[in-house]
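Here you go, one structure.
Letters A, B, C, D and E mark the chains in the order given here, with residues in each chain numbered from 1 onward.
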Amino acid sequence: MATFDIPIGPQHPALPEPLLLKLEVEGETVVGVDFDVSYMHRGIEKLLETKTYFQGLPLVERICGICNAAHGLCYTLNVEKLYDKEIPPRAQYLRLIVEELSRIHSHLLWLGVAAFEIGFNTMFMYTWRDREYVMDMLEAITGNRVTTEYSQIGGVRRDISPELADKLLKTMNVVEERTKYYIKVALTEPTIAKRTQGVGYLSPEDAKSTCSVGPIIRASGIKFDIRADDPYAAHEEVPFNVITYDSCDVFGRVVVRAQELLECVNMIRYALKNLPSGPFRIKLPMKPNAGEALTRVEAPRGELLHYTLCEGTPKPYRYKVRTPTLANLGALRAMLTSKGRYVVNIGDVPIIYGSIDPCICCTARVQFIDIKKDKTWTWTLDEIRNRSRRMRV
Amino acid sequence: MSFEESFLNEVKSVFGEKIIESKLFKRRIFLKVNPENYYKLIEFLVKEKGLYHLETMTATELKEGIEIIAHLGVSTSVSVKTILDKNSPKIVSLCNLIPGAEFYEREIMDLLGVVFDGHPNPKRFVLPQDWPSDIHPLRKSFETRHNQPLRNVGGE
Amino acid sequence: MSLESFLFEALKIIFFPGFVFIFILALFYEWFDRKFYAKLQNRVGPLYAGPLGILQPLADFIKLLSKEDIVPKGVDKVLFTATPLFSLSLSIFATLLLPIFSVKGLLSFEGDLVIAVVLLTFLCIITFFAGVASYNRFSIIGAERSFLQLIGYEIPLMISVISVALNAQSVTISSIVSSQKGLWYILGPNILGFIVFIFAAQAELERIPFDLPEAEQELIAGWNIDYTGRRLAMFRLAKNIELVFLCGLAAALFLGGPLGPVVSGYEPILYTIYFIIKSIFVLAILTIVRALFARLRIDQIVSLSWKYLLPLAIIQFLIVRLMI
Amino acid sequence: MEISITFSYNTVFDCEVDDIMSMLSELLRNLFKKRATVLYPEERDKVHVPEGYRGKLEFYREKCIGCTLCYQVCPSYTIEIVVDEKGKRPVFNLARCTYCGQCEDICPTKSIHLTKQFEVISLDKKDLVVK
Amino acid sequence: MILGLISWARKRSPWIAHFCTGSCNACDIEILACLTPRYDIERFGAIVRGSIRHADILLVTGPVTRQVRDRLLRIYEQMPEPKYVVAVGTCAISGGVYRNSYNIYPGVDSVIPVTAYISGCPVKPENIINGLSFLLKKIGESE
């Protein structure tokens, strides 16, 4: 029984958040997977019970920095359900705009990081340069580049002025043009296709039974998008297409994300044109009514769920958060386990892993258990990635 | 009659009095059953009603016991609740029915100490490896202050 | 040999175009490479160390020299100490063969082109030993990769060099250079050979798209992961000198080396200037290649070399063969 | 550790020429484009800091009435309520502040303002206190 | 003279390693953003190195979770002298939002010594640059 330990955690600036993957392999073939997410456990659910609903909002936004807009939105929608008060429609539209903006930022970020991962530094630099336009808009609307804190209990923090709306529309034109260029590169570049097609197969049945969410399930050809199925904010009124793709592999996930970018641009345009007038925020008391509420929101990585139980005190009795990545772990395992003609080589692991756009990554270490030889060892993702260079066909 | 009400009627026509309590909101249905009917109801919902998607499972420590909620649903979300005994919480695992339930159940195992019968892989998931196995942070008896011995007192 | 001429030779070796000159040139080339790369990516690159950041490589070098020197447990101490030195001295030795201030290099003898190519291979082998010495999984894999690459690009590189030699009917750098008085080989029949040489040089230098041995996203730092302080400084310097050497070699073999219109009496100075301009031109091409591609997989590299570079090199060889 | 070396020679590297060309032309265009970099410490005025940026806190003692609402909404225990000659007042420990702006929103007398000052650094944690 | 040269070189060539101890990602992506054209910390000669043994400055983001603590210590030990640690973001300084959670240490400085603190949640990339250049200035002065 030999266990290796890596002296240095892999610190590269891309893909943060640690997760321990335990892979069972037979020779070079992956036959089983297990996870350990304890590196990132910060006890947020317990912590939320010690804070009032108003204090909880900033904490919820910091469950994760990348789709914090979705977390904040979900939290506020959820808590508002306890109050039984109508939220002004203008606030709902503004929330939608910021949510979609942050989706653009998240998908562009993923594109850049993916390029960075394959050593395409120039592409990474260009996507991130263009992402800055989106960041500037987010900053101008919400007051911070990444952590938006835009959606507040009772509405949104501030209004979008006509000048700002104008600027936003102009930015959308730039973003659309650049996005089209990147889509062209990503979809026609043969090396990308070679490394993604037929890899990480997730059949529609598995996608359903493992309860996967977001671009993963949509790339398996299933129309499942909370924005359409369980509309919140202004999604009932703003038209959009649910992008699906039926190749069920990593390539499909690239296509779905890329096409979604253009959808987001159109939604923002529509919402800005049809922005209702009226107040953007109402004041709500510190103490909500007793009861329970459940809200689902489509975050960039998929369905996000918040549930709360309130006993009529300013603090939640219980607050439950289910993040998209947790939901996709089951799907990840299905993708990583060889079955039938879809044999998963150790070398495929990083690409498949990256395709769920995990926010738990990087320090991620993979433990192999060879059930035949009864031996255990630990590798970093990077080491596997490196093996892939040799063994991928 | 709204969709939610007709849905509830359909469920009641099969389960009748076994549904102890029900609450309806827009696109939200909360049902409460006894532990012994929990699996049957969920099986019915998944197999007959096509609610293939298990959103998540929530566990809460209430005064009367530990409440387990399985949130099912695609468009309309149906939450099935049941209350377990506080001292030896035990319930049948959903993993055979819905493989995606595994991680949710393991999280509850760690954080509240509920035992899931027939769980294929009952191992530690979210807590650190060196965490004592009889402390469950989401129990109400676990004070956040509890952490003081676990935390480095130095620093700020 | 009289004392004066001995002293003169010694000065030549130490200052111009010997060690000091090469040192400065190496740092300058690294700066140019980084700055130009940044420019292609719409950034500015090094800026504050000296005017336009031109002293950046020097700052890196001095800083590394002054850092704590750690010898991790479990490394092969002898190899760990010796490989940086070997790498540095071999690359300096190779550079002395370059015809910088006249058609002849500081060292010049019959058949020195062969020695130059052999030195390149040696440098790669030393990289391999450097990786193996630190006995870290990343570094071993990096080392192994650098060896695998060698299999891929070495033969095309040699063939492209041989076709130049065949064209000039000589394996001596100085006579190859002087035979380009009329027409540079790149304008002549050797354009394919030049392309092959550029790619092979990129691989030799382990730069994108061939930077697998030290790919940061995959191997953290590859074969040099465990080297710190002085040793790392030496490796970096050796790499930069190798860069000078390969750019210079390309300039000498394909671009007529230091040749150009001269005013008599100022030949050494003008020759040097021409040489530097030409090799920087080669460097710029190398940098563009670096910015243009994503990293390849190791199997892709090998198949690329065998499928494209090797046939290209052979066609090149046949063209030259038929012409002569 | 065993290191197995297996190649497959059938992986074709065939990047199409016009893909490379579109990237190359993009590269060369950038060569002549103005740099995207904002030279931050020198060109500080060009940094994008919009109106309403949530930066370093400012506190106006004159206006504060000591209602402690800000203390109640702060998520990260940034605010400590102390008593001075005028009564209760908050003291902000920026080492814990998350710049969420909740205190600014709730304050009935607008005594707290999050400024556009985004540079908050220190070599000592104790310096990060706003009084 | 030599000492002056060395301190000049140290000031002009800060190589960076980045380590995440349980942050929310926002600070991490802002650090990554520092490399990109708009901010370009290569101006200062800073490059992000993967290997901790090559680095001079360790940027730490996130409150230190229990599980990560030992690895942070080990990484710190492997850095060659002279080394500097910078805590980036509120939660790296004091635990920030996650303060009082049972699973975190309140800030990086409860585990390893920290040279400079950059506050913000998340830190604006300009603030990171500002913090770095401030640190570099201090390095220059102290020698």
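Just so it is clear, contacts are C-beta pairs under 8 Å (C-beta built on N, C-alpha and C of every residue); 3 or more make two chains touch, one makes a residue touch a chain.
Since the structure is predicted, the reported quantities are computational estimates derived from the model, not experimental observations.
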What's the farthest chain from chain E if centres are computed as the mean of the Cα atoms? B
Where the centre means the average of the CA atoms, what chain is farthest from chain C? B
As a test of whether you follow the contact definition, which chain pair has the most C-beta contact pairs? A-E
Distance from the mean Cα position of chain D to that of chain A, given in whole angstrom: 21
Distance between chain C and chain E based on Cα centroids, please, to the nearest Å. 34
Whole-Å separation of chain centres (CA-atom averages), chain B against chain C: 64
Chain-centre distance (mean CA atoms) for chain B and chain D, in whole Å, is 38
For chain A, residues that touch 2 or more chains besides their own: 7-8, 10, 12, 14, 38, 41, 43, 46-47, 50, 58-59, 62, 122, 125-126, 129, 132, 144, 147, 191, 390, 392
Each of the following residues of chain E touches two or more other chains, namely 36-38, 40, 43, 50-51, 53, 65, 67, 78, 93-97, 100-104, 109, 121, 124
What positions in chain C touch 2 or more of the other chains? 40-44, 47, 137, 141, 216-217, 219-220, 291-292, 297, 299-300
Parts of chain C lying in touch with chain A, wherever the complex brings them together: 40-43, 136-138, 141, 145, 208-209, 211-212, 215-220, 291-295, 297-300
Please give the residue numbers of chain D that touch chain E in the complex, ascending. 35-41, 47, 75-77, 93-100, 118-125, 128
Would you tell me which residues of chain C are touching chain D in their complex? 39-44, 47, 137, 140-141, 144, 148, 288, 291-292, 296-297, 299-300, 302-304, 306-308
Name, in rising order, each residue of chain B that touches chain A in their complex. 25, 27-28, 30, 52-56, 58, 60, 69, 71, 74-77, 79, 98-104, 107, 111, 121, 123-129, 137-138, 142, 144
If we count contacts the way the header does, which residues on chain A are in touch with chain C in the complex? 4, 6-8, 10, 12, 14, 115-123, 125-126, 129, 191, 382-383, 385-386, 388-390, 392
